[in-house]
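In what follows, chain A forms one complex with chain B and a second complex with chain C.
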Partner chain A sequence: MSPFILTVLLSGLGLGTTITFASSHWLLAWMGLEINTLAILPLMARHHHPRAVEATTKYFLTQATAAATLLFASTTNAWLTGQWDILQMTHPLPITLITFALALKVGLAPTHFWLPEVLQGLDLTTGLLLSTWQKLAPFALLLQICPANSPLLIAFGLASTLIGGWGGLNQTQLRKILAYSSIAHLGWMILVLQFIPSLTLLTLLTYFIMTFSTFLMFKLNNAKNINSLALSWTKTPMLTALTPLILLSLGGLPPLTGFMPKWLILQELTKQGLAPTATIAALSALLSLFFYLRLSYAATLTISPNNLAGTPAWRLPSTQATFPLALSTMATIALLPLTPAAATLLSL
Partner chain B sequence: MSLPKITHLPSARLLTSFHQHRQQLLHPSIAPLPAPRRAVIQGQYRRPGQPKENKYPWQKINFNFLKGVEGIKKNFMLLKKEFFDPWVGPEGKPVLEHMLEQNRVVWEFRGPESLEQWTVSSDREIGGQSEVYLKVGKNNNTGFLYGTLSSTPPRDGETRYSGYCTMRSRQLMASFNRKKHHDWTSFNTLHLRVRGDGRPWMITIGTETYFSHQKDDMYNYFLYTRGGPYWQDVKIPFSKFFLTHRGRIQDNQHPIWLDKVNTIGFTLGDKADGPFQLEIDYIGVCKDYAHTEEFAYELYKRNPEV
Partner chain C sequence: MTLLMYLLMFSWIFALVAVASNPSPYFAALGLVVVAGSGCGVLIAHGGPFLSLVLFLIYLGGMLVVFAYSAALAAEPHPETWGSGPVLIYAMVYLLGVVGAAVLVGGGWYETSWVPADELSEFSMFRGDMGGVAFMYSSGGGMLVIGAWVLLLTLFVVLELTRGLSRGTLRAV
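Moving on, here comes the complex of A and B:
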C-alpha cells in the first residue's frame, strides 16, 4: 500500500480513538468510533483476497449496526434526560442499549459471532490492530457510563468467558483461537466493570500486551495454524522456548503476568459477594487454558515432522523487527511481581 | 397485384387443446390429467433441455412420516457427533493425529452409497446432446464416469458453443442441513488415482464464498489423463490452482484458501465429440514437505507506478 495512504489510515485510526477519549458529548464519541471503523476498512481489505473482503464487509456491517444503536441510545438519552453528556447517563434504558451496542462493537458474547470469521479473513498485522487498538475506544465509553445494571454485565461476562473457552476448543486455525481468546478476556473485563472500573482498564492493558506478543510471535513464524506453529522450533528456537510462557500468560497461569488481572478480579468478585460467579469464571478459564496448553504442547513439546532432519531450517530468517516482540514478551512473562504496585494504583 | 396476405388463423388443433384446457380448469377434480401440459406456471420460459412441467406444485409434495422420522434421527446423530467430537480433539481427532496427518482420503468409491456424494450434469440442461452417467466400477472398487460428448449447440438462438460433461461432489452437511466445509490447511497437494482415456479434464475446486457474485468462482487445474490399462497417480499442488469465474480465467489471481473447501469436480469440454470415460479410485489430499511454492502465478501489479 502506498506509504501516504497508510499514513492517512493509521492517523485516522489514532484520530478516531483520540476523539472518543477526549469527548464528553455523545455525538463526538460516536464520530470517533465511526472514524475508527472507516479508517480500518481499507487496511483490512488491503490484499483484495475474497476472504479479506468478506471479513471487511462483515466487520463494517456489525460495527455500523453497533454505531447506529449507540447513536439511537444517545438520542434516546438526550430525549429522556435533556442532555448529551456521557458522564451524566441516568436513565436505565439508554444505558442498557449502549451496553449492548458497545458489546457488539467489541465482540462480547452474545454478540460475538462476527469476531472469529472476521479475524480469520485478515492477515496477522491487521488482526492485531483489530484485537487491540479497536477495543480502546469502546472501552473508554464503557468505563465512563459505569453501567449499574448488574445482572446484564454479569451475564455478558460469564457468557463471554464460557463461549470463549468452548469455542476455541475445536479450532486449528490460530486466528480463530485468538478471536475466542479475545472473547474470553473481554468477558473477564466486563465482569468487574461495575465494581472497579480501573481494574477493567488494567485487564485491558494486560490483555493488550499479551495479545501483542502472541500476534507478533505468530507473524514471525508465519504460522496460521497449529501445524505451522509446530514448526517454529526449526525457525526460531529461542522464541519457541518463550512461546509456551506467552501462551500460558494468556491463559492466566501464575507466576506469569496474565495471572494478575484474573487474581484481582476473583478477589473483587468474592468481596462483592459473587462467589458463584467467581467460581464459574475461574472454571471457564480452565477451558481457555486447555487450548493454550494444546498450542504450547504442539509448539514445544513435540518434534513435528518437517522437511529437514536437522535443526535450523533453510528458510530465510524473517525481516520482522524483533525489538517490539522482545519488549512485550518480557512484559508478558515478568510483570506479576508488580501486582502490589498495581493494586495500590487501583486503590484496591 | 397480389392479394393481401390472409392473417394466420390459429389452427383447429390449437383451438381444441385450448378448449380442453379450459374444461380441465373448470373441473379439475373430475377430468383426469392429460400427459404433458403447457407450463403450469404460465409465463416462464422453459429452456430447451428442461423437462416439461407436468404437475401442479401441490402435486409434487410427498408427505412421508417414516422419511421424516429418519431425517430427525439422522440430524440428531450428526448433532451428537458434532457435540462429542471436540472432546477428542480438533476435528474429532486427537491433536497428535492432527499434527502427524500427512495423507487423507477424502472421497473414495467403494460401493453404491459413495455415489450419493456426487452429482453429474452435462449440457443436456441447456439443451445440448451430451450424456453423462456415473456408476460404480468393477468389484465395487471404483467410480466410473462415462458418457458421450456432443458439441452440437442447442438451437435456442443464443448459445454458440456447447459440449461439456461434469461431475461434482455434493456439499458436506452438518446436522439440520447446515453447510460444513473441508479444512485442508494441513495439506498442500491433491492426490488422485484415476484411469482415464487420454482426454484432458479440468479439476475444479469450489470454496466457500460470501457475495452472490462469487457464486461461480472456481479454482481450476488441468488433469491430463493417459489412456491405457494402468492406473495414474496424479499429484497436483494446491498452489497451481488458478481462479476462474464461469470458466473464464480472472486477471486478479490469488492462491486458494484451503480452510473452507466445499466441492471438487471434474469437467470435460475438449470439443472432441464421442464417448469418454474416467475411472476414479480415490481422491485424497496429502502434505508434500518438499513443496514450498505458495502460488505458481505472478501476482504482479497492473498499472504500477513508476
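Moving on, here comes the complex of A and C:
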C-alpha cells in the first residue's frame, strides 16, 4: 500500500480514537467511532484476498449496526433528557441501549459472533490493530456512562468468559484462538465495570500488553495454526522458550502479569457479595487456560529429542523488528509485583 | 393544512414500507424520493425550511442522483417491483406492522414543535435550523474541519477499496 495512503489511514485511526476520548458530546463520540471503522477498512482489505474482503465486509456491517444503535440511543437520550452530555446520562433506556451497542462494537458475548471470523480473515498485524486499538474508544465510552444495571453487565461478563473459554477449545487456527481469548478478556473487563472502573482499565491495558506479545510472537514465527506453532523452536528457540510464559500470562496464571487483573477483579466481586459470580468467572478461566496450555505444549513439549513434527524451515534473517516484542514480553511476564502501583496509578 | 400534513405523513410511511420491502434498487430509490420529499414537507411545517432545502438539494439532488446512476450501471432485465412475490409479502407484513403500531400509539398527541426562532438581545434573531449551521461556521469551526477531513478520508477509503479494476479487492470476491 502506498505510504501516503497508509499515513492517511493510520492518522485517521489515531484521530478517531482521540476524538472519542476528548468528547463530552455523544455526536462527537459517535463521529470518532465511525472514523475508526472507516479508516481500518482499507487496512483490512489491503491484501486483496477474498477471505480478507469477506472479513472486511463482516466487520463493516457489524460496526455500522453498532454505530447506528449508538446514534439512536444518543438521540433517544437527547429526546428524553434534553441534553447530549455523556457524563450526565440518567435515563436507563439509553444507557442499556448504549451498553448493547458498545458490546456489539467490542465483541462481547452474546454479540461476539463476528469476531472469530473477522480475525481469521486478517493478517496478524491488522488483527493486532483490531484487537487492541479498536477497543480503546468503545471502552472510553463504557467507562464514562456509569451503567448501573447490575444483572445486564454481569450477564455480559459471564457469558463472554464462558463463551470465550468454550469457543476456543475446538480451534486449531491461532487467530480464532486469539479471538476467543479476546472475548474472554472482554468479559472480565465488563464484570468489574460497575464496581471499580479503574480495574476495567487495568484489565484492558494488561490485555493489550499480553496480546501484543502474542500476536508479534506468532508473526515472527509465521505461525497461523497449531502445527506451524509446533515448528517455531526451529526458527526462534529463545522466543519459543518464552512462549509458554506469554501464553500462560494470557491465561491468568500467577506469578505472571496476567494474574493481576483477575486477582483484583475476583477480590472486588467477593467484596461486593457476588461470590457465585466470582466462582463462575474463575472456573471459566480454566477453560481458556486449557487451550493456552495446549498451545504451550505444542510449542515447547514436542521439540527434539521427540520425533520431528514437520520439516524445519530455512533459518533466514528476519526483517521484523524484535524490540517491541522484547519489551512487551518482559512486561507480559514480569509485571505482577507492580500490582499496587498499577492499581493506584489507574484510579479513575 | 391538516389535510396536507396527513397526506405528507401517510405518504412518508407508505413510501418507507415501499423501500423496506426490498424491491429492485430503481423502485427503492423511487420510494426514497417520496420519503425525502414528504419528510421535507413535514420539516417545513414544523419550522425547518433550511433543513428541508438542504435535504432536497444534497440528499435527493446529490446522493440519490449518484446512486441512481450507479444502479443504472447494474441494469437487469426483470427488476423486482412491488407486485412480484417476495416483495409483495414483505410489503404486506410491514403494512400490517404499521397498522398494528398505529392502533397501539394512535389517538394521542405526540407532536412537539421545534423552536422556529429565538429572540436575542438588541433586535437580533436566532433561527432554529439556520442558526445551527451558522454555529458550525463560527464556534464550531473545529467540527467543520473534522467533518471536512473525514469526508476526504472517506474518499481515500473508497478509492483504496475499489482500486485495481479486475485485480482489485472487490472483484476478487
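Following the convention adopted for this analysis, the second predicted complex is superposed on the first by the 331 of 348 C-alpha atoms of A that agree within 3 Å, B and C clash if a C-alpha of one lies under 4 Å from a C-alpha of the other, contacts with A are read in each partner's own complex, and residues count from 1 in each chain.
Everything that follows uses one rule, which is that contacts are C-beta pairs under 8 Å (C-beta built on N, C-alpha and C of every residue); 3 or more make two chains touch, one makes a residue touch a chain.
Since we're looking at a predicted model, the values are computed, not measured.
Asks: Does the superposition put A:Ser304 against chain B (first), chain C (second), both, or neither?
Replies: It touches chain B, and chain C stays clear.
Asks: Have a look at where A:Met31 lands relative to chain B and chain C in the superposition and call it first, second, both or neither.
Replies: After superposing on A, A:Met31 lies in contact with chain C but is clear of chain B.
Asks: Who does A:Leu15 touch here: chain B (first), chain C (second), both, or neither?
Replies: After superposing on A, A:Leu15 lies in contact with chain C but is clear of chain B.
Asks: For A:His48, decide between first (touching chain B), second (touching chain C), both and neither.
Replies: So A:His48 meets both chain B and chain C here.
Asks: Taking the superposition on A as described, I'd like to know which of chain B and chain C A:Gly82 touches: first, second, both or neither.
Replies: The answer is neither, since A:Gly82 touches no partner chain.
Asks: Can A:Ala39 be said to touch chain B (first), chain C (second), both, or neither?
Replies: In the superposition, A:Ala39 contacts chain C only.
Asks: Have a look at where A:Pro3 lands relative to chain B and chain C in the superposition and call it first, second, both or neither.
Replies: Neither chain B nor chain C is touched by A:Pro3.
Asks: Figure out whether A:Asn225 sits in contact with chain B (first) or chain C (second), or with both, or with neither.
Replies: First partner only.
Asks: Can you give me the overlap between the chain B contact set and the chain C contact set on chain A?
Replies: Dual-contact residues (chain A): 48-50, 53-54.
Asks: Spell out the part of chain C that touches chain A in their complex, as residue ranges.
Replies: Per the stated touch rule, the residues are 143, 146, 149-150, 153-154, 156-157, 160-161, 164, 167-170, 172-173.
Asks: Inside the complex, what are the residues of chain B that reach chain A?
Replies: 85-86, 90-91, 95-96, 98-100, 102, 183, 185-186, 209-211, 214, 217, 252, 254, 257, 259, 289-290
Asks: What residues on chain A touch chain C, complex-wise?
Replies: It comes out as residues 1, 5, 8-9, 12, 15, 19, 28, 31, 34-35, 38-39, 41-42, 45-46, 48-50, 52-54, 56.
Asks: Okay, in this complex, where on chain A does chain B touch?
Replies: Touch list, chain A to chain B: 47-51, 53-54, 57-58, 120, 169-173, 224-227, 230, 294, 297-298, 302, 304-307.
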